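Take a look at the structure set out below.
Chain lettering (A, B, C and D) follows the sequence in which the chains are written, and residue indices restart at 1 in each chain.
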Amino acid sequence: MSHNTFGHLFRVTTWGESHGAALGCVVDGCPPGIRFTRDEIQAELDKRRPGQSRFVTQRREPDEVKVLSGFVLDEDGETMITTGTPVSMLIENVDQRSKDYGEIARQYRPGHADYTYDVKYGIRDYRGGGRSSARETAARVAAGALARKVVPGMVVRGALVSMGEKSIDRANWNWNFIGDAENPFFTPDPASVPVFTQYLDGIRKAGSSVGAVIEIVADGVPPGLGAPIYAKLDQDIASGLMSINAVKGVEIGNGFEAARITGEQNADEMRIGNDGKPVFLSNNAGGILGGISTGQAIVARFAVKPTSSILTPRKSIDKDGNDVEVMTKGRHDPCVGIRAVPIGEAMVACAIADHYLRHRGQTGKGIGSRE
Amino acid sequence: MSHNTFGHLFRVTTWGESHGAALGCVVDGCPPGIRFTRDEIQAELDKRRPGQSRFVTQRREPDEVKVLSGFVLDEDGETMITTGTPVSMLIENVDQRSKDYGEIARQYRPGHADYTYDVKYGIRDYRGGGRSSARETAARVAAGALARKVVPGMVVRGALVSMGEKSIDRANWNWNFIGDAENPFFTPDPASVPVFTQYLDGIRKAGSSVGAVIEIVADGVPPGLGAPIYAKLDQDIASGLMSINAVKGVEIGNGFEAARITGEQNADEMRIGNDGKPVFLSNNAGGILGGISTGQAIVARFAVKPTSSILTPRKSIDKDGNDVEVMTKGRHDPCVGIRAVPIGEAMVACAIADHYLRHRGQTGKGIGSRE
Amino acid sequence: MSHNTFGHLFRVTTWGESHGAALGCVVDGCPPGIRFTRDEIQAELDKRRPGQSRFVTQRREPDEVKVLSGFVLDEDGETMITTGTPVSMLIENVDQRSKDYGEIARQYRPGHADYTYDVKYGIRDYRGGGRSSARETAARVAAGALARKVVPGMVVRGALVSMGEKSIDRANWNWNFIGDAENPFFTPDPASVPVFTQYLDGIRKAGSSVGAVIEIVADGVPPGLGAPIYAKLDQDIASGLMSINAVKGVEIGNGFEAARITGEQNADEMRIGNDGKPVFLSNNAGGILGGISTGQAIVARFAVKPTSSILTPRKSIDKDGNDVEVMTKGRHDPCVGIRAVPIGEAMVACAIADHYLRHRGQTGKGIGSRE
Amino acid sequence: MSHNTFGHLFRVTTWGESHGAALGCVVDGCPPGIRFTRDEIQAELDKRRPGQSRFVTQRREPDEVKVLSGFVLDEDGETMITTGTPVSMLIENVDQRSKDYGEIARQYRPGHADYTYDVKYGIRDYRGGGRSSARETAARVAAGALARKVVPGMVVRGALVSMGEKSIDRANWNWNFIGDAENPFFTPDPASVPVFTQYLDGIRKAGSSVGAVIEIVADGVPPGLGAPIYAKLDQDIASGLMSINAVKGVEIGNGFEAARITGEQNADEMRIGNDGKPVFLSNNAGGILGGISTGQAIVARFAVKPTSSILTPRKSIDKDGNDVEVMTKGRHDPCVGIRAVPIGEAMVACAIADHYLRHRGQTGKGIGSRE
C-alpha cells in the first residue's frame, strides 16, 4: 500500500480531512458493466450512524455522497453503469466552522496522533484530527459499496462481538438482528443489548471509554483467491483492517486461539460432500489456507482501542515543551468501536474484490470456471 | 504487496521452492554505502536452527548464502559495500532427492495449502510444501539482515512468549538469555525452559503439535516513520507478519487487550523528561500513534498455529474426489512457532527500513535532523 | 504506472470525463511545508488556453480549480501550506448539456479510441471522448503546478518547435516570447508566428488538421536523479509524455538524431570549470546519462499527431457492423498539439519531482548536500 | 516501474552486474500451466550474439541460463510447466577476472554513466559498466522468452532498420532473412547487407561508432489491451524500450512522421471485411488507439545512440577534479544497436504480456471471449 492508496487492481485512493471542504475517494480499476445506484452507496454510508443512539456522537453531517465520474447512466436515469474508468466519489463537509481550537492546536492529546504528526511533518491540521478523523472512513465505506458488487455472490457482514469486558453469546448469533432499530451496537446477539446498554451507560457517565472487537464474515467467496506468500488474502485483509483508526490487533479464523490448541484440534478436516464437492468439517482457518481462499466463509476480527478522548484530565505535553493536563470537553464517544463495523466490512470487501481481479488476471479463471 | 514482493522503497522479492535447485531474494532500493559481510547474513540464517534440539526438525541443509550482486568488496576483501543496485542472495538446496511422494502428491493434507494451490493454479509442486515451505523464509531472513543496517541505531529482537497453553513470566524477561546455548525456545524467561521442555516433550511423544506466540521488539526507531492512513507503520508490520506461514493473528502494543480496558488505562501519558525531550509514561501503543512511530520501542506480537503435520490420522480428500485418511510419517516438528522468531524479526526490520526511506523521501528528514 | 495513477513517491491519480459533473486529481506523497496559492494553480490551467485565438477551439469552460484537501491556510488566508496528506483538486464541468450525439454514439471515428473502448470495456461514455478527452489533461496540469514546487530551483518550460511541415528557427529561440500576447502558438521564435499563422489558416480553411512537435526543457535539476535501469529518469519522462493523448513519439536530448551520427559527434565532453565544478561542453544527452540526471538541462521532445476530427468524410464502421462515412461537424481544432505544451511541462515536472523524492529516500541526499 | 522491476501483473525484476558472480531475473505473476524448455530460453539468449561477426564484440561468455524455481518438470524430464510461483533465472558470469582497471576506476568516460553513478551513489562498480552493462539485458531477454508464451498467438519480431546514415529499403522487407547466417545485422533487407558491411567496416577501422534504429513488430495481439490514460499500451512499450541502455527515442506507428502530415493522411480508415470483422485500411497508429490495442500489428521503433567507447581521445574529468583525456583501449563495438534487437523484442513482449493479464483481470475477457 502506498500512502493513501490500497489495492492492486481494484485500487482505492482516499483524500480529505474532517474540516476541509470535502473528502472522498477514487476507485480505479473497477470492472466495466457494474450496475449500482447512488442510493446503494448512500445506504452503506448511513450504516455508520447506527441507531442514532446516545452512544454515538453525531456530528450534524448528512454525509451525502456524490458520484462524479466513471459511469454512464442507464435509461432509467438512476442506475449507474461503470465504464472501467475511475469512479470518483465526494462527500462535502457541511460543518467547517472554525471554532476556537486554542489549546488543542498546541497540546498533544495522549493516545492521539497529534505528537507524531508534528514530529513527522512539522505541520498539521489539528481541527478534528485532520487526516486521522473518523470521517475519512466514509470514503472507504463508499469504495467498499462498489467492491461488494465486483465479486458475484459475495456477501460481507460485520458484527460487534465484544465491548470492553463484555462479550456476546455466540449461541445467540442472528445476522438479521444487526440492522434492527432496537440495536444500537451492531451486535448479533439480542440478549447482549441490555448488557451493553447498562455497561456503556456507566462508561459514558464516568466520562470514560472502552474498546471493542469486531468480526467480519464474507460468504460466497470463491476458492482460489490470494497467493502463497506476500499477496496472501489473509495478509491483505489484515493490512486493510489495521489501516482503520485505533485498530491494534487482527485475527483470521480462530486467530490467537490457534496458538493455544493442538494440531488435532486446529486443522479443519475435509470430506467429499453429497454433491461430490469438498466439504470442510470446521473453519478454524477462517476460510483461508496458505494465503488462498478455500471457498468457506472468510472470517476476520479486529480490536479497536478505547478512544483517549475522555473527560478525565491526562498528563501530556505541548508543542513548546511544557507539561500540561489535557481533557476532552463537550460530548464524547464512549465506544468508537461501534462505528467500526461498516468500515471493517468495507475493507474486507475491497481486499477480496482486488484479489478476485488479480486471480482472474493471473489464472484466467472467473467465477464461471472455478473447477 | 504484489505477489512475491514487499516494501515500497526497500523492496524485497523472494523466489524458490523447497525442492528446487535453490531459493533466494532480491533486495532492491537498498541505500548505497551499507557495509556488511557474508558472515553477518549467514549468522542470521543460522539463528533459524535454534539449539539444534530435539524440538526442531532439521533438514540437513547448510543454508549457505551467496551474495551475487549489488556490492563492491572493500579493501579487506571481505566487507561488502552496497552500491545502490539490487542485492541478489541465493541459497542452494543441497537435498533435492526425489523421494517417493506417492500419496502426498494426490492427497490434500488438512490445514495445508495443498487443496487451495490445486484450486487456484491447477498445478503444484507438492514436494515439501512448494512455495509455502518454511525454507522460503530463509530468503526473508537474509533480506532482513540487510534491513537491520539501513536504520542507524535500530535493534530488532524477538522472543517466544507462549507455547500452547504455557506462557513465560514477563517479570523474568532477559534478552541476553535468548541466544543461550541452553535455550532451545527463544524464550526470554530462563524459568520457562523446564516448563516448555516438559510440555513439548509430551506433545512430541503424542505425535501432536502446538502453536506459539512470538513478540518482536524494535528499539532505536526514530519517531516520524509511517503515515496516518494506508501506509501506517503498524499496518505494514502487521502485513509483513501475516505473510509468514501459519500466522493467524497480529497485535501491536497491547493489542486485543486494548479492547478490554478503558481509555484512562490505555492512553500513554507524556511528560517532558529531564533532558527536555518528550517521555511516554507507558507504551500500550507499542511505539506507534496514528500509524507513525513515537520514538518508543515498537512492539508487535503474532500467533503461529500448530502445524497440521501430526502423527494422528486425519480425515481428508484426494485430488480424485475420494475420502482419505492422511497421516504425517517420519519425524515431525511439534512447534513450528519456535523457528518463527528470526523470521518475525526480519519482517519487522524490513518494514521499518522501508518506512525509514519513505519518510526521508517525503519529508527530507534523516536521522540527523529529526527535530 | 497503474491505470490512472503515475509516480512512485509523488503520486498523481486523475479521474473524470469531459461530460461528467467534474474532473480532478489527487496528489499523494507531496512533501509537507510546500507553499502555494490557488491562483498559482489556476495560472497553469489558464495557460492551456493560449492566445484565445481562432486556432484553438474553446469550450466555454472556466476551468476553475478548487483545492479540497491536504493543506492548512497560512495567516494571510490565501497561501496554502501542504501538510503531507493528499491534495485533492477538482474542476467542475460547467457545460454538461446532453446534446444529441445520435450517430456518434454508434459510429467509430477513425483515429479515435471509440472502437478500442468498445472492444475493451463493452461500454463507453461517447460524449466528448470520455476519459480520452483533452479536458482530463487539466488534472495533470494542476498536479504539475504542485510538482514544480517540490524541487527547489527547478524551472520547467515548454515550446512548440514544429507544426506540420513548418519548424522554428532555433537561432531565434526566446523563452520570454512564449507568454507573449501576440503568440498563439507557444513558439519561442517570433519569426515563426506569421509562418505558422498562414500555414494553419490554410489547414483550418481546408477543414484539415496537422500535428506538432513540442520541446520541454527543465533547468535547475540537481544531478543524481533517476536510476540505471528500470527507473531511468528519461524513461519515466518518456512514459509520462507518451501518456498524453495523441502523442506518438518521444525523444530525449538529440533523440533519433543520435542514431545518425558518430560516437565522436555524440558524446558530451567534460571539463572542470573555473569554479572547480564539472562542465559539459555539449548536451546531446539531454541532461541524462545512464538514466541519471547530470545537472545539465533536461531536454525532451514529443510528437503529437494531427487530430482525426476533420471536416472531410472518412471511411469507418459502426457498432452494428455497417460501413459508414464519418465527418466532424461544427468547429474543429486544426492543431491540437498547441495545447499540449503546458501538459508536457506538467508531466516532466511530475516525473522529476517524483525522482527527487525517490533519490532523497534511497540516498539521503537532499538538495543541500549534493556533493 | 520501481527501481529494478517492471510490469504490474507480469512482473520482472532483474539484478546483477557484468563482473559479479552472476546476473538474473525473477519473473513474478506468470500464469500457471505455461510450458517451456530451457532450450527455448537459451535460444533467445543466443540471439544476442548475431552472426558471430567482426561487428559485435564478443566477451567469451557462454550465457548459459539456469531456471531455478517456479516450475515442475513434465514427464519428459525436459519440459517445464509454470506453477504460478516466481520463476527465477540465473546466468553465471564466467569471466570475472579482475584486470587492471586503473585509470578507468577514477576517470569519467564521456557519454557513460560513470559520472552520474558517482554523483548519485557516491560509490560504483566501475568494472564493465556495472549495472549499466549490456550483460544486464540478458536477464530481460530471458524474461521476454517467457512473456512470449503468455499471450496465445502472439509473435514478436524485431529488425534493424537503419544504422548511422544508412537505412534499409522497406520494399525488400523479409522477416525470414533476419535469422540468416549471412546476416550479421538483424536487417530484414538482404540488399542492405553489403551496404551496412562496407559502412560499418569504415566506422570500425576509424575507431569510431554509430547508432541504429530498431523496429519491433508484434503480430497476433488481441484488441482491447491497454487503458486510456496512464496505463496506455504504447506508453508502457515506450517505457520499456527507453529502459534499454543507450536508447534516446521511441516511436509508435508512424511516430514523429505523424507530426508532419495531415489528419486526412494520418487517420487509419476502417471497413467491415469479408468475414464481417473490422478491417483497418492502414496502420499509422501502430496498432494502438487511445492507448488500447486495435488488433492490428503493434509497431514500435527506438533509436540507439552510438557508443562513446571509441578509439579517439575525448575530453573528460576524473574523480579528483582533474581534466583528462579518455580513450577506449582494445576491441570496441562499432554499433551496439545491433544487439538491441532481441532486447527490444523482449521488452515489447513483456509489456504486452502484462497488459494481457491486466485486461483479463479487469474485464474478465480472455482470448476466447473477445467479442
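Here is the rule we go by: a contact is a pair of C-beta atoms (placed from the backbone, for glycine too) under 8 Å apart; a residue touches a chain by one contact, two chains touch by 3 or more.
Keep in mind that what you see is a predicted model, and the values were worked out from it rather than measured.
Asks: Quick one: which of A-C, A-D or A-B reuses the C-D interface, over half of the residue-numbered contact pairs in common?
Replies: Having compared contact pairs by residue number, the answer is A-B.
Asks: Enter the angle, 0 to 180° in steps of 5, of the rotation superposing CA atoms of subunit A on those of subunit C.
Replies: Subunit A sits rotated relative to subunit C by 180 degrees.
Asks: Where are there more C-beta contacts: A-B or B-C?
Replies: By number of C-beta pairs in contact, A-B is the larger.
Asks: If you average the Cα atoms of subunit B and of subunit D to get two centres, how far apart are those centres in Å?
Replies: 38
Asks: Counting in whole Å, what is the centre-to-centre distance of subunit A and subunit B, each centre being its mean C-alpha position?
Replies: Centre separation, subunit A to subunit B: 27 Å.
Asks: Distance from the CA centroid of subunit B to that of subunit C, rounded to the nearest Å?
Replies: Taking the average C-alpha coordinate of subunit B and of subunit C, the gap between them is 45 Å.
Asks: Considering subunit C alone, which of its residues make contact with at least two other chains?
Replies: As it turns out, subunit C has residues touching two or more other chains at 2-5, 8, 14, 29, 32, 84-85, 120-122, 130-131, 228, 362-363.
Asks: Sort the chain contact graph into one of these: line, ring, star, complete or other.
Replies: Here the contact pattern is complete, since every chain touches every other one.
Asks: Which residues of subunit C touch subunit A once you look at their complex with the stated criterion?
Replies: Residue positions touching the partner: 2-5, 11, 13-17, 20-24, 26, 28-29, 32-33, 66, 68-70, 72, 81, 83-88, 90, 120-125, 130-131.
Asks: Sort out for me which residues of subunit D touch subunit A in the complex.
Replies: Residues of subunit D touching subunit A: 8-9, 29, 31-32, 84-85, 228, 357-358, 360-364, 366.
Asks: Would you mind writing out the residues of subunit C in touch with subunit D in their complex?
Replies: 1-6, 8, 14, 108, 110-113, 115-117, 119-122, 130-132, 136, 162, 164-165, 203, 208-213, 223-232, 234-236, 238-239, 242-243, 245, 248-256, 258-264, 266-272, 276, 278, 281, 285-286, 288-295, 303-310, 312, 314-317, 321-323, 337, 359, 362-363, 365, 370
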